[in-house]
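Take a look at the structures listed below.
There are two complexes below, and they share chain A, which is joined by chain B in the first and by chain C in the second.
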Partner chain A sequence: MSERGVNMSSMTADSGIDRPPSARPARPAMDLRALLLDHAPFLVACLMLVVIVAVYGSLQSGVFSLDELNLDTTATLTLLLAATGQTIVLMRGGIDLSIGGMVSFGTVLAATRFGGDPGSVILWSAIILAIGFAVGAVNGLLISTLKLQPFLITLATWSILSGASLIVLPTDGGQVPAWWQDFGSAAWLGLASPVWLLILLLVLWYWFRSTRLGIAIKATGSNERSAFLSGVSLTRINLVTYGLSGLFAAAAALYLTTQTGAGSPTIGKDYILPSVAAAVIGGVSLFGGRGSLAGTAVGAFILTIIGNLVFVLHISSYWQPVAQGVILLIAVLASSLAEKAARGQDQ
Partner chain B sequence: MSAFWARNRLIVLAYAAMLLLLLVTSLFSPGFLAESNLRSIVVLAAFVGIVALGQTFVIIGGGIDLSLPWVLNSSAILMTLIANGQDGPLLWVIPLMLVAGAGIGLINGVGVAMFGVPPIIMTLAANVILQGLILVYTGGTPPPAAPPLIQFLAVGRFGPLPVIAIIWAVLAIIAWVLLSRAAFGRYLYALGTSRTVADYSGVPTLRTIILSYVISGSMASLGGMLLAGYSGQAYLGMGDPYLFTSVAAVAIGGASILGGSGHYVGTIAGAFVLTILGGLLPALRLSSGALLIVYGVVILLTVAVGSETFGGLRTLLLRRRRN
Partner chain C sequence: MDLLEVNGLVKRYGGIVALGGVDFSARAGEVHALLGENGAGKSTLIQILAGAVRHDGGRIRLDGADYAPVNPDEARARGIAAVFQELSLVPDLTVEQNIWFRREPLSRLGTVRGKALRARTLALLDRYGFPHLAPEQEVRRLTLAERQIVEIAKGLASDPKILILDEATSTLPAREAEWVLNLTRQLAGEGRLVVFISHRMGEVRHIADRLTIFRNGETVAAHEANAVSDDVIVSQMLGRKLARLYPERRATATGRLALEVEHLTVGKRVHDVSFALREGEVLGVGGLQGHGQRELFQGLFGAARVKGRLAIWGKPVAINSPRQALTGRDGLALVPEDRRGQGLLLSKSVRENLTVAVIRRFARRGLLSQRKEAALVKEMVDFLRIKAATAEQPAGTLSGGNQQKVVFGKMLLTQARILMLYDPTRGVDVGTKGEIFQLMRDLAAQGYAILFYSSDLPELVHVADRVLVMRNGAIATTLEGDANTEEGILRAAVFEKQAA
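This part shows the complex of A and B:
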């Protein structure tokens, strides 16, 4: 990653400050091409999802039904929540490995602290979400004040949170109330509650991305220096982006307990790579400044349905991480080649 | 003298920390400085040291290798499976596993150097893919016991010296030569300082990056086989702790995680510090969870110190004064 710092500063020198993308001369034909190029990764991801769903549909009956949508969304939401935080961090040009620790820590706290009454559940949910934001904010502050690479700081907090999880709950166990576990199966207008959550998440995103903060995060990710020169406080941006990432990791943990009914001090590490994978497959750039939650959602669904395919084809479930890893690498390769091509066009 | 101090300050600090820890621990558990206990510390530190050797090279070059846990685990499991408890096959299985580990390193290196995949993503993906493949291959059944020869290499002794300490010493000398006396070392430091500058100065950057990951892969593989010998068998998840310890050992040893500085000499001290800490915590009745917390805090503290000696803190103070 250290090459990136060098590249960024050299990019700043020749293209960043006096020629922001929006200030390009507006020609309609160019705009259409630029628009397509901008959304190419997302469109490719949608195409991939269509193909995978088609394959899945040809192997399994009843794929094109509301029930299947409910089931798949229920299965995807933990990953999608974790990936939402990761998307925000990636767009800012960072990465958050600590979500692995935060997801574990959230589940063990929920499984050991939730009492039977709704009051304690609500209180502890709020506490867990607050811890998530606070830990993330500390990540952001450390990255800013120590001027160190995000992966190193978040690797350290990942370790700390994993240790804390093991202290709270040494092995898988604990319990959350039965009514809490019914969350996923609750439905309204034929749509399960996870689907409604997904819709809410997407609506929130479309509001968020055009707020001052959303724009500042994206601008910082595409060019830190010019964002800083335009008056963006990098410390505040880091604090908020990593804080939000921790918050969403905590939300993912809470949702996960509605699915598993218990806590696990080690489950979180299974979400680190997939959260990055979902975002990158959906067209979020690993180099910052580009991406959308809709893309990440498509990426998360692709990963889930690949899991379904593995199941339907009766091959060992151990193939699932292999497939996820390979698809991630293909997506990263494609995006880094596209990045190169785009940079070539700029010059 | 002052030039030596300026260049090696962090390494000297790492050794000072090691001695201090040794003293503190001996206060808490009286038998700690006994010969047999010191020997077991050397053996345990050797595993961290050998695995972290490759990580040192990669980090000096400005990258990071998060695929170590499952390269280590895969080679341990495949070695015990293929050798099936016999010494004979080890003659070709050990070299084969070293080459296989190097092969994974090659793939990592090519992905990073030639295709521009960020090292974290490349190596994390390799880690997950290897984990999946090994689980598919073994179906989750435990492999047979490690052959006697590899057990001897891991826990045996030549006179008072553990065999693994001799292996470690040889590797350390090779690492020192590569870093301090070979062109490869100079290329690696140049690369870690600035890839662009290294490129323009005629450093063969592609080859250098790839070679650093190749070393990392083969050292993880060696560490895995020896660790299987130490535990008497290979088991799933045996490599997981080495993700944090390898990075922590390098960080304690004074290498800037941004690349371009540090030395394996420092990592050796880092390996000892972590091992002694691992021994200190049970003496204080702390759990494995506490150990993970300590690793994390140690990484944070050492990189904070390493960033131009509290540079972060200094800028923070200066900024506050200005406001």
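This part shows the complex of A and C:
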């Protein structure tokens, strides 16, 4: 090739251009090890849940029953609803602290605005859900237009919503109708309504994640620049993800009032970090692009049942956050080890 | 009438004119190469055509109709797909999800129909004879070369009238690069226009019907490919006669050993490799891609698990300690393979990139001496002739060649005298390549020891003093003097029995 004057020709261009490309031997598309490593965080979470339930069951009779399932689901559902929104936002590579404010705001609105008749309850439920979506959508728009970290924007809206909650209802109180409070004890085929809600949530998730929107959210969390170059509107994605997060926070608030029967302007803060923890324990990546609602549900159940376990062990309830922290560490460690192992395998 | 006609296209970034009235026209059914140094305007032109960037003046006509896309979606809808150097794939989606991203076949429930997606993917891969890809594999598990191929599939998925390939072969091994070249001819045969950018003149010569040459944001000339000589092309690209690409090579190696490697094993990819690098020497590492060269560099730099013995400037060093920690005159410095990912912080300024590794040298009791830093940065910018408006310009906005110079500057500022260069000229224009080779020889003459991997055979032959040819993770042979030829390297790389 040196007779071409300047020696810029590359080896690749000249090493037999006229040969047809021959087929490369197919390598196994995905072996079991890769599959396990890919789902390691979720599998570790499932394992932890099994161990915790087993220990709980050995200390307490009647754990392996539908009643226990109904009870635990009823206790977990507020956190799970809040964590559902958080999961969507985390998948997109963001974080939503404002759900704390929205949960508080939702409960105080319900406790002060619900009348005795179903019409008023339905109307105000719809309004609360709409406010949830709207507040979230504003979060999303602000993040897009101001190009600021979601952490800061949602910290601000959390504070605003917390203040608004205190203005509406300065102390815990208010009331929701008695029939509204009976929601959790309604049952069908032996399963309480929160269990049916959980099933519905999971079904909706498996539908959502394979829609174009679901894929686009995951893609944006995985690599924002690539998604943009492929034509995804980041403003629209932010609007929808944070909007959904607000919507689920409002749903969590409504469900919470069926449990407490009243509103609380400060209760929401108890769901901010646990909603992130539930998702992370269940294998949702804080960096976006990876995770599932099934994982988040497992994470939420772990956090709840740990509380039960501390109770039956007759130790101080102060041990509950300690145990939750340890579990979070195990989960994070598992996913980081799996990621390293997967990378080592590729090289 | 030509399929694509560009007249007087203008694009400015702030005060910098990227395109100052570019003319370009191309016909359906041809492979049209764009040639020019980095920064000549090729990338800006194709970004405008692809809808990633909007132009400030001039006119584009596509199929006789005005064309001014506001986003990549519109460009695709009008039949133009671009395969950029900057890969647009999503790591956590699978190959098939990426190829059909936002064009997935949907069921009535709005969900993606998995079987239809698979069938479409296989049909597409089959139609163009793609090298083996597993449609269900997540892209983050793929190599850079495999990602490039998926990117091409994604470009073809919209069935474009015009496909733009920007340096599509620069990351590919020989066989896959060859497939891309054949693909361009197939596409042209189907009546599509392929706009092809490559710094590899050999490739351009093989496939291009016509070529347009750019320099400093302007069109210099357009030629029928078979009616113009390489000398004319190169002189038009450079605007001056190219003195010579490769510098004079004088033997500057001394007897002093800079790096002694004995029985080095890195994971499963490098087995029992021993060699010595001397002061003042440029030691080439060659062989077919994927035969352990990358792992050798990673192992030496301490970024991988290794076994064996290692001595630096005569002193044995613990084989498993991270060599990144070895700074200063006794250290190693690396120009990594992926300069955009590992070598540079793209959003940070040229100054910050240059000094990030040595920031402590400017600190007195925790405070930075900005004067000292600025002086050193200026010295390095001048020395390497980095073309940047100011030292505060973000590194990501520089041309490829200038980005690579910044990586070199960063490496030189560490004062390490053992340099490890992994494919330092990949995607770099010919003018800058020449400067880099000259720099390497100059540094060797000053007593630096350089280990140099290249995927380009002539570079190894003309720049390195000796060449280690790797095959299956071991050193197949070492070529020196008259034995150091392209044929010799290729033979040793390919054949089990050494022909050298």
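To be clear about the criterion, the second predicted complex is superposed on the first by the 294 of 347 C-alpha atoms of A that agree within 3 Å, B and C clash if a C-alpha of one lies under 4 Å from a C-alpha of the other, contacts with A are read in each partner's own complex, and residues count from 1 in each chain.
Note that in this section a contact is a pair of C-beta atoms (placed from the backbone, for glycine too) under 8 Å apart; a residue touches a chain by one contact, two chains touch by 3 or more.
Just so it is clear, the model here is predicted, and its values are computed rather than measured.
**Student:** Is A:P177 contacted by the first partner chain B, the second partner chain C, both or neither?
**Tutor:** A:P177 contacts neither chain B nor chain C.
**Student:** Looking at A:V332 after the superposition, I want to know if it touches chain B, chain C, both of them or none. Which is it: first, second, both, neither?
**Tutor:** After superposing on A, A:V332 lies in contact with chain B but is clear of chain C.
**Student:** Determine where on chain A the residues touched by chain B overlap those touched by chain C, and list them.
**Tutor:** Overlap of chain B and chain C footprints on chain A: residues 1-2, 4-7, 10.
**Student:** Sort out for me which residues of chain A touch chain C in the complex.
**Tutor:** Per the touch definition, chain A meets chain C at residues 1-2, 4-17, 19-27, 29-30, 34, 38, 207, 210-212, 215-216, 218-219, 221-223, 225-227, 229-232, 289-290, 342, 344, 346-347.
**Student:** Which of the residues in chain B come into contact with chain A in the complex?
**Tutor:** Those residues of chain B that touch chain A are 62-64, 111, 115-122, 124-129, 131-133, 135-136, 139-140, 192, 194-196, 244, 247, 251, 257-260, 287-297, 299-300, 303-304, 307, 311-313, 315-316.
**Student:** In the complex of these two chains, what residues of chain A are touching chain B?
**Tutor:** The touching residues are 1-7, 10, 95, 97, 142, 145-149, 151-153, 155-167, 170, 265, 272-273, 276, 280, 286, 316, 318-322, 324-326, 328-329, 332-333, 336-337, 339-340.
**Student:** In the complex, go through chain C and note every residue touching chain A.
**Tutor:** Residues in contact with chain A: 52, 71-73, 76, 84, 86-93, 97, 101-102, 104, 106, 109-112, 114, 129, 131-132, 134, 136-138, 141, 169, 172-179, 181-182, 199-203, 205-206, 229-231, 234, 242, 245-246, 267, 269, 295, 304, 430, 455-458, 462, 486, 490.
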